[in-house]
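One structure is given here, and the rest of the page talks about it.
As written, the chain order gives the labels A, B and C, with residue 1 at the start of each chain.
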């Protein structure tokens, strides 16, 4: 392994910042899901890089769990988005204000 | 729909500055942290995939003991918890996809529009969308 | 030594550029395509980090499952308005 671990950590931080930027700027609910996927992938890169760094497989197993949870989260999120679209004819997150006190 | 991709810029200056500042802070923390130059790595001659499987199912007797790869924690309980969470996600997705009209649950994949229930509508084989014509003619289907 | 570093730099460029494309492109459909490029290029790092099984699970779960689901949602929630083609991210007051 010749690439130092700092580069992987910097890459995952850049990906996390890009995902955060996407969440802060977009108003489409689908873009929220995609940005969350980018952030989850950044966390996974960190986990696997440190798994190799420490020579321990816990990080890899944990990355598998994170991927399973991300799949579940996307299933729920898409269900909510489709219900949102059916009720409001839009996927903008600023339109549904029914539950605002 | 065949227009090219367009960038969406503007009115995102503050979140952009915030994201770049966050990246700067984290990069400073990383660059000031002294990591070891050499990664430990995995020992030669063992299969990483097999070791992942042994760790997932608590096969500690089969786990390799050389190096620090033998320190992998057993993960059977978390594996089962993730399985339960995935089942819950499947159920929740089905509940979300189900429509409720007049108190009757309508199947998610039925192709019958429930807005106007006039006339004979096709493809009600799932028993979800029964209309006035089939109900007034006996009602033995339900 | 340098070959792996060069490969890492190239794929880091691909990943960061496509991730920026996800958050900056106006059309959600283009964003979904860019997300696919990002997810596939992340799998390359997993191979570089001796995690072949996780790389394969990344391809199967993310590209084969999550990306397809997001593509479904993008196609199901496309509005047919003519003015919404270029500004699908704007607030439409109804």
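The working rule: a contact is a pair of C-beta atoms (placed from the backbone, for glycine too) under 8 Å apart; a residue touches a chain by one contact, two chains touch by 3 or more.
Small disclaimer: the values here were computed from a predicted structure and weren't measured.
Shared contact partners of chain A and chain B comprise C. Of the two chain pairs examined here, B-C and A-C, the one linked by more C-beta pairs in contact is A-C.
One inter-chain figure worth recording: chain A and chain C are separated by 11 Å, centre to centre, where each centre is the mean of the chain's CA atoms.
Chain geometry summary: the mean Cα position of chain B and that of chain C are 16 Å apart. Counting partner chains per residue, chain C shows two or more touched chains at residues 50-51, 53, 89. Each of residues 1, 14, 18, 21, 25, 52, 60, 64, 68, 71, 75, 78, 82 in chain A touches at least two other chains. In chain B, the positions touching at least two other chains are 41-42, 48, 52. Here chain C touches chain A in the complex through residues 1, 4-5, 8, 12, 15-16, 19-20, 22-23, 28, 31-32, 35, 38-39, 42, 45-46, 48-51, 53-54, 57-58, 61-62, 65-66, 69-70, 72-74, 76-77, 79, 88-92, 94, going by the rule given at the top.
Across the complex, chain C is touched by residues 1-3, 7-8, 11, 14-15, 18-19, 21-22, 25-28, 30-31, 33-35, 37-38, 41, 44-45, 48-49, 51-52, 60, 63-64, 67-68, 70-71, 74-75, 78, 81-82, 85, 89-92, 94-95 of chain A.
Every residue of chain A that touches chain B in the complex is listed here, in rising order: 1, 4-6, 9-10, 13-14, 16-18, 20-21, 24-25, 52-58, 60-61, 64-65, 68-69, 71-73, 75-76, 78-80, 82-83, 86. Of all residues in chain B, those touching chain C in their complex are 1, 3, 5-9, 41-42, 48-49, 52. Of all the residues in chain C, the ones that touch chain B in their complex are 21, 24-27, 30, 50-53, 85-86, 89.
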